[in-house]
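Scrolling down, you'll hit the structures one after another.
Both complexes below contain chain A, partnered by chain B and then by chain C.
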Partner chain A sequence: MSKDSQMRAAINQKLIEMGERERLKELLRAKLVECGWKDQLKAHCKDVIKEKGLEHVTVEDLVTDVTPKGRALVPDSVKKELLQRIRAFLAQHATL
Partner chain B sequence: FQVNHPGDFSLSPIKPKLNVLSVMSPAGCSHVNGYKVDNWKQNLRVIYQCFVWSGTAETRRRKAKSCICHMCGAHLNRLHSCLYCVFFGCFTKKHIHEHAKNKRHNLAIDLLYGGIYCFVCQDYIYDKDMEQIAKEEQRKAWKLQGTPLLFLRIGEKYTTWEPTKRELELLRHNPKRRKITTNCTIGLRGLINLGNTCFMNCIVQALTHTPLLRDFFLSDRHKCEMQSNSCLVCEMSQLFQEFYSGHRSPHIPFRLLHLVWTHARHLAGYEQQDAHEFLIAALDVLHRHCKGDDNGKKANNPNHCNCIIDQIFTGGLQSDVTCQVCHGVSTTIDPFWDISLDLPGSSTPFWPLSPGGDGSTVNGESHLSGSTTLTDCLRRFTRPEHLGSSAKIKCGGCHSYQESTKQLTMKKLPIVACFHLKRFEHSAKLRRKITTYVSFPLELDMTPFMASSKESRMNGQYQQTVDVLNNDNKYSLFAVVNHQGTLESGHYTSFIRQHKDQWFKCDDAIITKASIKDVLDSEG
Partner chain C sequence: PCVDRLLLSDLCDVKMDGLAQDILSDLVEDACLGLCFEVHRAVKQGYFFLDDTDQESMRDFEIVDQPGLDVFGQVYNQWKNKECVCPNCSRSIAASRFAPHLEKCLGMGRNSSRIANRRIVTGNNTNNKSESDQEDNDDVNDNDWSYGAEKKGDVVMLLYFFNLFVVTLNIRLYQMKFTIT
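Up next is the complex of A and B:
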């Protein structure tokens, strides 16, 4: 594993251990609902389902179709806030 | 036809995916049968507890260490765990698929969301028993974590709506759907004036546009425990049904009026009443009726009530009385539903706001030619007040009567804050209406008025770093009640907000579109 992915893995471990990952997830969830992201993607999912047909669509279809759009639609302010939280957390628990 | 789910009006219920190969219940697949043997339930629970929703510090540590792909070591890429053996593999890179093929282990669990994947069906499946276990384990983990973010103030974590058989039946028999678009006016309805009842109509408009209250009633959350037909909460529920029915003709709230008269005698009669008094009386009756007739005790103790009214409207006001001699502080916290603010022009002096008051502008309000702002009123409300020699308090520290200062601050903020500008003066000398214009903002930050802020200031932390990202104390305006005229003869109207930024003026039966400027220019 590259140095980068090693660091990622280490950070991830720390986040999980301290329960911070769950808290961040909930914060992100709340922010994405607030800014309407969830509704946007939900509408998009419905379109995919209508297109592919209710009987034939799989979760994989949705994931493939929706993931790039979902990633692109996250507002910068939300990304900024999450990053800030993670940085603050690492600053507090920095033994990495 | 009662709409149960407030959010999604436009989609007919999605049937769980019907697997072409399945023979069993529509939600699952037959391939789980190989798994459902021996002690499978307990095994599955352990997997959820350890690797999906880890509630304890120990399980979290284990999860952090062991949840990596056995083939490539990555922790990302939609990691799945095999249900038949201890194997973790990436989904995206198909490592788990390889494992499934080689070992003929056809089931895996998504460690991010807890979904069960069947490699034969090549899709996620929803087995009723397994779903039940998943839900229970998720709830357990949340309880253990207990961080405030996980629970909405209402006390339950959001879960998606799962229609019951009866609900599915109702939906099938009533195929008409309403789509909520940005222009749609559902929820807006005029109210007929039944004889000087504009004071009631305004408050009703404000309440029916309180999002949390609306969601509570449209989701049928009220379980009535009253024997008679005089439950105000039931009537409120009916009112919401009327408002969201889509009917455009004004509603005649005669039943509501009758119930209010029955339960709040002091408001009965056809003369003009005070809208603020009505608000408090209405909240009080609703709060009492929420508990039913059995829990009379609980209803009297606001600190222990968990009804929807308390959850939304009740805040805590801290009163600190400081002895001027020994500087001992006696603190009490009282619940409140509203903040009544004195205005300049009343018989009690308004300015200066506090001994040596500061002139800073908070909340972006500008002092246009010296006009008073809501923030000014709040600063005055929370200022330290010398109680004077004629109002000495018995000090517990000095064991004698001493002069003291009293200060009010917010200990706990309600979800919906109601500010009442005391425009009607009923002193011994005169009865009049104070028409001083008070400007108010669209967004209000209550942080400077919190008890915690006061403590920071006292500890010398004057320059509080404004946590721009912390939204906990920030409020957004959604309703304004106005009174035109005099104390003797006047008329109430209100502005309410719909869809985040659309405002409407409610004048009894007449609803008209309003601009933000109209709202902010109004008296308040």
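Up next is the complex of A and C:
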């Protein structure tokens, strides 16, 4: 493993061990609900379901259709805020 | 040398930014997946389109808030004072006494055999056609349906077994004494 990927792995581990990843996850979820992202995406899901049929829709159908749209719909403000927090964590706990 | 150091720190920042972006990307993916699972479950469990119900139907299911009715609009103390006819002995029993009566009547409850035995032991002094009062007395002494009422018999049994246990213990201790010395 290169030094780079070693460091990445170490940081990811720290993120999880310190509970920060869980906190970030919750923060993101809350922000996404607040800004209406969840409702938007849910409405899109309805279209997918109506298309594939209620009985036959699978998780894969939803994932392949929803994930790219979900990524694109995240507002910049939410992204900025999360990035700020992540960078703060890295500044504190990343050793070179 | 100064230039080198600057470039190094810039590179680190770039690296950090890249890492931060990747972490964010993972988190967003988690959020999307979470939503997909949530939606999929709602679809399969049948409640996904629940909030699309038309106004008319929504009014049918509105919460009821009237005295004497529960939230579904059903009367809930309607059966309190009713009388039921026992299918076994054809007597008319009050609803709240019906379950204990049925136990005794069918001979299927926890204490029904004990009470039946007791009746046999105390002989045929009591008429078969006794009033429901007598049976109600038994019911009051029944542990299953009332709290705090203790049967004398139960306490005697308990004391007997406890005594037995103590005696056995003493015998064992006595035996041990012999083997040690």
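Definition applied: the second predicted complex is superposed on the first by the 87 of 96 C-alpha atoms of A that agree within 3 Å, B and C clash if a C-alpha of one lies under 4 Å from a C-alpha of the other, contacts with A are read in each partner's own complex, and residues count from 1 in each chain.
Note that in this section a residue touches a chain if its C-beta (ideal position, glycine included) is under 8 Å from a C-beta of that chain, and two chains touch if they have at least 3 such contacts.
For clarity, every value in this text was computed on a predicted model and none was experimentally measured.
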Just chain B (first), just chain C (second), both, or neither: which does A:59 touch?
both
Chain A: partner with more touched residues, chain B or chain C:
C
Which superposed partner A:49 touches (first chain B, second chain C, both, neither):
both
Touching A:79, do we find chain B (first), chain C (second), both, or neither?
second
Go through chain A and flag every residue that touches chain B in one model and chain C in the other.
8, 12, 46, 49, 54, 57-59
Which residues of chain A touch chain C once you look at their complex with the stated criterion?
4, 8, 11-12, 15, 21, 24-25, 28-29, 32, 38, 41-42, 45-46, 49, 54, 57-59, 62-63, 66-67, 70-71, 74, 79, 82-83, 86-87, 90-91, 94, 96
List the residues on chain A that touch chain B in their complex, please.
1, 5, 8-9, 12-14, 16-19, 22-23, 26-27, 30, 46, 49, 54-55, 57-60, 81, 84
Parts of chain C lying in touch with chain A, wherever the complex brings them together:
12, 15-17, 19-25, 27-37, 39-40, 43, 48-49
Which residues, counting only chain B, touch chain A once they are in their complex?
11, 14-15, 17-18, 54, 57, 60-61, 63-65, 67-68, 73-76, 115, 122-124, 145, 147, 149-150, 469
